[in-house]
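As written, the chain order gives the labels A, B, C and D, with residue 1 at the start of each chain.
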Amino acid sequence: MIIVMERNASPELVDAVTVRLEQLGYKAHLSVGVERTIIGVIGEKRPEDMEQLAAMAGVESIVPILRPFKLASREFHPEPTKVQVGNITIGGDEVVVMAGPCAVESEEQILTIARAIKAAGAQILRGGAFKPRTSPYSFQGLEEEGLKLLALAREETGLPIVTEVVNPRDIDLVEKYADMLQVGARNMQNFTLLREIGQSKKPVLLKRGLAATVEEWLMAAEYIISGGNSSVVLCERGIRTYETGTRNTLDLSAVPAVKHYSHLPIIADPSHGTGRWRYVKPMAKAAIAAGADGLMIEVHCRPEAALSDGAQSLTPDNFLQLMVEIKAVAEAVGRKSTAPVVV
Amino acid sequence: MIIVMERNASPELVDAVTVRLEQLGYKAHLSVGVERTIIGVIGEKRPEDMEQLAAMAGVESIVPILRPFKLASREFHPEPTKVQVGNITIGGDEVVVMAGPCAVESEEQILTIARAIKAAGAQILRGGAFKPRTSPYSFQGLEEEGLKLLALAREETGLPIVTEVVNPRDIDLVEKYADMLQVGARNMQNFTLLREIGQSKKPVLLKRGLAATVEEWLMAAEYIISGGNSSVVLCERGIRTYETGTRNTLDLSAVPAVKHYSHLPIIADPSHGTGRWRYVKPMAKAAIAAGADGLMIEVHCRPEAALSDGAQSLTPDNFLQLMVEIKAVAEAVGRKSTAPVVV
Amino acid sequence: MIIVMERNASPELVDAVTVRLEQLGYKAHLSVGVERTIIGVIGEKRPEDMEQLAAMAGVESIVPILRPFKLASREFHPEPTKVQVGNITIGGDEVVVMAGPCAVESEEQILTIARAIKAAGAQILRGGAFKPRTSPYSFQGLEEEGLKLLALAREETGLPIVTEVVNPRDIDLVEKYADMLQVGARNMQNFTLLREIGQSKKPVLLKRGLAATVEEWLMAAEYIISGGNSSVVLCERGIRTYETGTRNTLDLSAVPAVKHYSHLPIIADPSHGTGRWRYVKPMAKAAIAAGADGLMIEVHCRPEAALSDGAQSLTPDNFLQLMVEIKAVAEAVGRKSTAPVVV
Amino acid sequence: MIIVMERNASPELVDAVTVRLEQLGYKAHLSVGVERTIIGVIGEKRPEDMEQLAAMAGVESIVPILRPFKLASREFHPEPTKVQVGNITIGGDEVVVMAGPCAVESEEQILTIARAIKAAGAQILRGGAFKPRTSPYSFQGLEEEGLKLLALAREETGLPIVTEVVNPRDIDLVEKYADMLQVGARNMQNFTLLREIGQSKKPVLLKRGLAATVEEWLMAAEYIISGGNSSVVLCERGIRTYETGTRNTLDLSAVPAVKHYSHLPIIADPSHGTGRWRYVKPMAKAAIAAGADGLMIEVHCRPEAALSDGAQSLTPDNFLQLMVEIKAVAEAVGRKSTAPVVV
């Protein structure tokens, strides 16, 4: 880190900072400029030290230099990580599409959708059994019953399943059924949940928080990896901005940013990212063109009767069309796709 | 809610929407304009219905009319709520100041600070025993040991204590020691936690999420109240914006907005709200002038050695000065303050 | 528009609003609900009326229903508009790439770059002669000398030129040289400039403001079109968000949104949109996949010696590579590209 | 500035950067850490150099250390600046209130309002003659006729007048009538306008841009001061955030931030800052408590018939009440107010 002293900071104040640095085990490196003194600090280790030093008399500001994440960084692990979910590999040549309803509603619903997305070439089935809802009066999910229905759909279609876990107490239960655990956007900084999921053997899909920077997101991944679970896939799902024309603003530049700083695979969720089914297909294609390793897409047989997020769900027909168009884009950027060749 | 149909929506599509509305138990009210048809819907009840209707063919958009919160609304409960924390009342004439360190670090630290803030007129002691930290490598709090030290400080000073709970599994433990449970900004939409805290008998301090609207915040309060616990105090602690000169942007207009829409008391936290101790005093005065029922202020005897958030902590001397200046502003807006009369 | 009355609004207050509506020439349409009265207003014409009505006693809020833009709307003009710039058509089958340096610096610089981008298949040359710079101490552009150099580069390469106009007084001058006038992000709501450019015969490239919604952006286009100039091309160049890892957040969902609401062509500028040359290529491909009609790319022969925006400029080699990769994506989404077939 | 090299940057790349720095006239200061090399640069002068250096091979990022503004900085000018507008001083002990309608509409309107605000203790009359409006179909102001009416109101009441100038061509005209020139939020980075206003002898009210950081705002002031006009008053009027419950988010922490970094006076505009008349009074009090040197308040005799911004205008009665309450807060923070003693 760099410590910038105030313009009028006396030599005594500068000394006090360098003494404190040595107490904390750092080496200080002074640059006395015309306008002010700047102290380079060798050995950036503990975040709380930055806070302490920032509170010392004569200190104008602290500038961090190194990224705070380590295990999630590309410098630590130069090769891209591939994450295995059942027999599916995320982060390899093939673009992986996870699809399904926002919430599992009934056996008929989940089986019909699972068959439809399988026929269209999707590789993983998604569906919520525990739903974090803004309103306490909204449908909160079928809970274990929903997990059982997902398992039934897997049995019939062979698709591995990914589903959200919202409560640390439910991890064991969800692990019994799911092939991949999803951490939702609202829980990206639920550190209790992250830490406990770090002890799971199941791969994790970590959604970006509504107002999280890429750096904070990678720090959330660091929580999971440092707990012992390095099978983390990131999912960009839109951030909150002033724009109200879309539900969120899908930040696709997070795809090259994550590829630059980290070795973890990243997929995109244009359904939550835009909140409007009309924009899902163009943004899905954009995500693949930007280098995403896959997609998460909401599909519902009757969006107008869905118990959650109908406005952003595709019908099976629209989803098949999306898969076909995705295939063309994937191949244009040197990736493969499992979409059917002919519509 | 209002349903806006697309310009070219056929009468058949309009009919389909009105039929669906009736199935869902609503009354439809058609306005056929020159440019498009608009359907007024009488009886706004279930959030998921809006999603479903938005997914119907021919529907351009859905415009909600009524606020989604009920128990937290001023319409439901016109009189302002007063929340009792030990022998302290929040939401009455007196401005209530909660102060203390970000994290409890040691017996000496918490006792020294508790005595200092008591002498300066603070009414409630704050201090973190479980700390949600962005980095897994940061100090995470003393946990139960921290709670015991807080209880010790209460015993000595008589100040009730407020402390954060981050894990649903810890609620029982924290309740044993704390007079008020704090839900932190990162957990404002941790619905599992909210629901379980709704069953507690202890009053709750609910911080606003980093990117939460006032409406979402009141919905989070609704989770707690609908669970049975109506002793909720809101705390504005800054929202995330593009401005990087401050840690967050303290949104003081949330104070009159909450007063307009809700009966719940609201306080402000200018320490997290600005992240810079230099701005804490002016923003504390601003919060009281805007009508806040109190303040939460970080105080540390040696900010430059604090294990968390040193840069935004006040020294006891600065805190005393703040209390004296707050008193003048409180009286100017017709409130009372317990700050000492003379410095 | 819809007028939502307060819960306790008396019949007299409701009457006052309906009387006022009739005075203003509207028809009122009452819905008396259980909780409150809602007034549908037929004939949405003047924005200031909404403000006035919102100020009436008993009014809780005003909800606009129709989009405020007309000439820029797809409803008004269902067919996509094609804009002609010299012999180049924007908005047709072919993806159009505008490339060049941020600022024109010298004859050698602009000629070298113009030849390089032409060889790589770019169709329009960009370059700034008048530069709006955050600091008064930064290089502000070569002004008319820069325009002459652009014209020289056009003469040699045949590429039409687009350049920014920042001062209404300079429109005549810039028109003499340029084939297309650019309105920069900081001037998107410089209504004086928009109105005067509305009287120009030259096509206009209208960049999105840093914090403009898609709706406000289309209103800015409306200023130009209502002045008589309907040759407007929109350019998404990133919006300001809390994320600091990129210079701006390129909002590619604006592409399908503009296509949905408007008939105007839209291109994307991933150079300003990300501010980092490493992310330009993936985001350029993403923009084309999302349906953009073209791209604006900063190219500099020696980015490390550029007088402006070096960090986001591509070298000619990187630009050629981009053009080749763009071609593949363009074809995958059914568009054409003029990039050379072989690298 | 600090140059952070990439982890794997070779000694040759580091050498190239230091050679380039010397060519540009800087001194380089190497810190070779375990993880990477950092180059301290002595003599931070030209913003474009940062861009160039950021584009060099092996450079990870550039970290600016010094603030880019000079003439606007408190370091350059430690004493607070007082700005004279007619016989009124802004930045002294007295809190200065500018009030009046958003737009001048008629002689009767402006005279009635001017008399009312004078009686309530306001010191400066505001009113728009040239209105920058989002829609080309909205009322755009009475132009010179409006300026004449403002002058008439000044003649009758003795109140100096402040009014917006939106077109560089109108500066001479507006200067003939106005005592203070206002630069609106949408023109904060209209550098042409700023530069020309820098040559005016009239004091300037510079509103903060919708998405401007405090640093960019002070750079805009730097444009005006470096042009020769140092009578600049800043006006915080709310920034754009994700929160839709208010028109903008009034960022009152900008008040202490500006006081810390600059010598310029700063006032607040809670009318635009909140967009809702109900929140104007509490936020006006908050602004004064935070240390603002004054206020700008919209007042209209009949808000429900205003041609612009009715929803955020106070009636004369509400304004008088505001002045009385402001007086109490001003005195509580050691300032004076000209509000009448008794209501």
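Basically, a contact is a pair of C-beta atoms (placed from the backbone, for glycine too) under 8 Å apart; a residue touches a chain by one contact, two chains touch by 3 or more.
Since we're looking at a predicted model, the values are computed, not measured.
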Q | Equivalent interface positions on chain A and chain D, same or different at half | A | same
Q) Can you name the chain that lies farthest from chain A, using the mean of each chain's Cα atoms as its centre? A) D
**Q.** Geometric centre distance via CA averages, chain C-chain A, whole Å
**A.** 30
Q. Rounded to the nearest whole Å, what is the centre-to-centre distance of chain A and chain D, using the mean of the C-alpha atoms as each centre?
A. 39
Q) Where the CA atoms of chain C average out and where those of chain D average out, how many Å apart are those spots? A) 26
Q. When you check chain C against every other chain, which residues touch at least two of them?
A. 211, 240-242, 244
Q) Which bits of chain A are touching chain B when the two form their complex? A) 20, 46-48, 51-57, 62, 68, 132-139, 166-169, 186-187, 189-192, 195, 210-211, 216, 219, 222-223, 226-227, 240, 277, 300, 303-311, 313
Q. Tell me, which parts of chain B touch chain C in their complex?
A. 2, 4, 7, 29, 31, 33-36, 38, 40, 42-43, 63, 65-66, 75, 240-242, 244
Q: In the complex, go through chain C and note every residue touching chain A.
A: 211, 213-215, 239, 241-246, 249-253, 255-257, 260, 273-274, 278-279, 282-283, 285-291, 325, 328-329, 331-333
